[in-house]
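Pasting the structures in now, so scroll down.
Both of the next two complexes hold subunit A, though its partner changes from subunit B to subunit C.
Let's look at the complex of A and B:
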């Protein structure tokens, strides 16, 4: 298609003409990675449905749009106070923000806390801590995985950088907010890097949000390195407008006895693609990968999870649940690889879907690839409806069909929500899900950002004692 | 793992192929290589009507534009399609009326296989059509069958005697250009079986075909077409063997089943092509397209397969559930050992309302083998209230083999339920211990557990085959299955 090649030409020529700007901040060694990735991109091009991994997610339409790329921050029309005055009851977070793909700050771009934790702009970290960054940068991401990843690696200039030193527990939850607000359609390519030392602890909430109704495309890569015994809780909340597309690729690299739990909660979005790669690289490590998606209208969500059991005695647990309505489509692709000699592996994978409408589609592919014999691996996938017996039971207790359905859908989603271990966040997400199910969740109701709209928590108007 | 068990696993991995004899029979072969002339040669040799030759040439044109599929989890060495003999028929008298006319050596071959046509005829009441290399040599029980109006004959006879039926149904389930190997088969298929059950007839005996590749350097491209007319029932068995050879042999078959309203077809396969030696040398490439079409309402097609042979298996018996209330089933045990590779599974396409499908797949891998289940359950938007249940289990014997599961589920409406479950495990120490402490030795215990593991599928097989299938499991996993 002509339009496709146009975007490819555009990013190619923009890369070449802006190369000075892009590399201006690069520490030694980074330019080579960029150049290699750029060549990879030229070879790989944007993914098409012909590729097995992109079979059910067609991004060709997105590529026909005209995007603008920013090569530097634009803070002109930004009301910083609006963003920083957010408070959520009982939930004390350190908020850091990306605005149109660039890190914005009030005091300084890179904060070093007394305990050694560094939080701030990725671009700035490249200047101030080049050795630390380059030790890990692009070591876990597979930039040649597909054209988008290669493009990100070639272009990436800014994003969030977090470093938690050995034995340190980040003093409070870090909340990363990614806001898009621009008159033109933007192509944003963030690059986040999280480095966790031995036995470090971190909770990261990652919110993707859009403040207007432009058709932007975000192509993010997040790399996380977890050293021995590190413990990370990671929550991704996606509530975007229906024209915005988000391609989110995360790479987690886990060393011995580390523990990861990552959630992908997709409430709204035009096209959301979550690529989650976990490499269990040290014995005794464990990963929980959870997801919840509630999609309607023309929305599309695609979760690709790849868990690589590279060494023995690791465990992983995947649970993805979704409710699909209207013309929405949901895709799940889970891949567990148990390498040769990765004995005593336990890996579980579950994907459950409820379809509410005949026009909605679910494509699921839970996939096991196993080369070791002493393993316990299982996967399950279901696609179905709300259980009629359960519905009847509730209705027979005098509860209206509408409420009964809500209750059942909520109960379905609760299996994922209940895994969230931070109570205030759980309550908040719980609330968002309830609102979403009632069709009352607006796009601007972003998780914690939407501070002016702190209404009472939602309850079902049901007398539970009747059940 | 105890040494004892290791020994048994070693034995398991070193089981020899028991059907590796070669029969010296004069063959009538086509020159090596594939071109229009070869196809014209085959067609002329079989005195085919014009429409058949046209179909072949059309498929050949199509095939030339296609590429070998590379999406399977298989490592297929390049195949030189010009280095294969596409037609090899035993030289025989033009007409065979009784068993006496069949080459005695050929009969001896089948005797060795344990399927003496004679005996089968007398004892089991199974009508057998034996396909030797590429040509059907003998069909028993013709008379009994024709009394019911059942047509069971070699494909070439069907082309001669029932061209209308062949014309109507051939390619209606597996189109000419369906895939690379189906196109190749359509272009060069040599023979196979044809079966037609008239309306309301319940076939009184089980129909059976035996395939054997004999000559070196030949490929076997048989074509099976089964049509069950309204309200008919048939149970069809298929068995395959090949001699031991160093080079790889190609087998690319197409099986088409059509079930009209209220009809039921049960298709059982015991596949035991030569799997290659312990080092992975030789063996048959088994690239088969099998598909059934539940065309009428309330029809049913059931596939059962026991896959123990072949160096490489690429096979996905499928059902298209077109008629309302139609049912598709797939039961499979696939055993891979040494350097065998298997990528097998099923495809259930639900189009009619209230359609049901079941997939039960049991994979057993040993040695250096790789065993994959690949399946697709597709529920079309209009397939209201459809139901699917899939279960795919893998058992690993040894730490150098691989077991993989690739299930695809595409659901397009809100009233259907699709369930998929899969597990991968080895024989657990607990199970083994339980047997040992009851005084059952390790070897028998493994046998017991593997048998129990595959039971769900084996019990779907017709009586005659169940015995043989169990024997085959025993041969394939020598020393571990009793």
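Let's look at the complex of A and C:
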């Protein structure tokens, strides 16, 4: 028997004893949401494998650890300049960073760009733009979905806020970097809010990194509102140490003719759970939800995708691929809901996995729930091994077994990478994946788009640049 | 170049090749014929080093090296090339990259630097012309979506790129129409020199009208039961394998 969650007691008492600090920045209406969520948490508790959606991801072990929670920002001894100078060649980005869960206050916590785009600290946005924030805050998230979401909503103080006004294209790609670096184990609960006006355009690269080897737990929620015709490209890159756990929940709400493309690229991490919820709420909206996970050792990754086709004439396309080695485990759960009136829905879902040995495990569950009659939906899931016939064919041309396997693994992963439409980013992610497959990707001392160790400076036995 | 002595091969305990002897010298073309299920493809696979075969007796010596001791890739690096009966589709791996990787491994094995880009492209171009395949095909993934004929031509294309010393063409003629057959045969003939050798495995005499063998061997129940020159192939075509069966019993 695993003992009763000690973390539940801790977060309950800390919430009560720090409530003044937590609510000190709240605009009207927010404290009520917190209180309700706190009560939800007490009822729901942390999820256990008894719940269908948590059957294959057991977080009870994480709850036995002791974590510190920060109720205010502190800047550690990290050389912040290094972080801010982390650039991808030919790829102009605006970098915003969270340090141990708190926005790094550089020049100013909230920047308004000349085109009206606002980016910066969520906590500061609560002060400066309470009406704008509260119009959307917690409207798309389902804070009572599980105990973790409820706890985040009760606790959330800071995170990233992005607002792109009607008709505006955020002039640069925004790169959001979450850095964990603390002597103690940390429990971090960010809250990110992205609001996109009509026909607004945004590219967001969302990096999760750890810098030390502490066993931190991040429980983050990102809410995205996309008004009519909005277009968002979203790339989540996850490169965490083997003791760090990340529970990453995203809620996308899409209005008419909006277009979303979101990627979850999990390169490393002790336990990663991506909960991705997309509500297609306006006709003509489209969502591409893609994922790639490369897990080994004792790592665990879980992608839960829920796509809600609420209205007619929407399309969605899911592609998740994974390569699993050693004792690692991967979970995929894809749920497509087509509501009664959502006629002419097109929804496709694919999950493909390669396991490299018989100790690795994949649990995949595609699930279509369809109440409309004029729809096109398909799903497919496979778990296989490296194709031995292909391996022999490649080797028979004089290519070593190691390189033959690399070629095949990379070819498998490339199907997802090739969907990335921003070339410099694609090249960069491509590099990261190749490094990861060769076992050369370290948990970076900078952000995941680390430029210090570029592929170009390496000499490789095998040139995969033209694949 | 190649010397096979008293070769015995079994799959899952069932003996397929039962005491086979074969000598191939540089500059020669050998044809191995025989009915289905007599071990022709098994012989090709064992020489190339495919897994799943137990060599229970005998030896294969290639240019002084014990081939059975070497892994598949090293056999290829030593100069063995297998033209597959059923070439494998490999989605996501481009022909260009596949060939460059293979060539560079070969060069590394022989202590050479990677092939310069210009030289590589020229080689691609020449090989492409030889087998009349479109550059659209070489820009695609390996064999993916290729027709049967294109796949076979692609095998000869790879042979031209890698310049092996011993090529074993396993039923390269199967599934080819007469035009494709001529292209494939022309490719093989053009690549022929006094330094290399070819073993053509075929079921029908047809291919041998275009690739003229120096020797024809008939494989039956795991053994070479008759050897001769190209006249033997004609005789087989006329009388069928039944004639030999009657003779060997």
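The criterion applied here is as follows: the second predicted complex is superposed on the first by the 441 of 467 C-alpha atoms of A that agree within 3 Å, B and C clash if a C-alpha of one lies under 4 Å from a C-alpha of the other, contacts with A are read in each partner's own complex, and residues count from 1 in each chain.
To be clear about the criterion, contacts are C-beta pairs under 8 Å (C-beta built on N, C-alpha and C of every residue); 3 or more make two chains touch, one makes a residue touch a chain.
All values reported here derive from a predicted model rather than from experimental measurement.
Judged by the touch definition given at the top, the superposed model places A:72 against neither subunit B nor subunit C. In the superposed pair of complexes, A:388 makes contact with subunit C only, with no contact to subunit B.
In the superposition on chain A, contact of A:167 is made with neither subunit B nor subunit C. Of the two partner chains, subunit C is the only one touched by A:396; subunit B is not. By the document's definition of touching, neither partner reaches A:29: not subunit B, not subunit C.
In the superposition on chain A, contact of A:408 is made with subunit C only, not with subunit B. Comparing which residues of subunit A touch subunit B with which touch subunit C, the overlap is empty.
Of all residues in subunit C, those touching subunit A in their complex are 48-51, 71-73, 75-77, 81-82, 84, 87-94, 96-98, 100-102, 104-106, 108-109, 114, 141-142, 158, 162.
The residues of subunit A lying in touch with subunit C in their complex are 387-390, 392-401, 403-404, 407-408, 410-412, 414-415, 461-464, 466-467.
Interface of subunit B with subunit A (complex): residues 71, 73, 379, 381, 394, 396-426. Of all residues in subunit A, only 52, 340-341, 343, 353, 355-385 touch subunit B in the complex they form.
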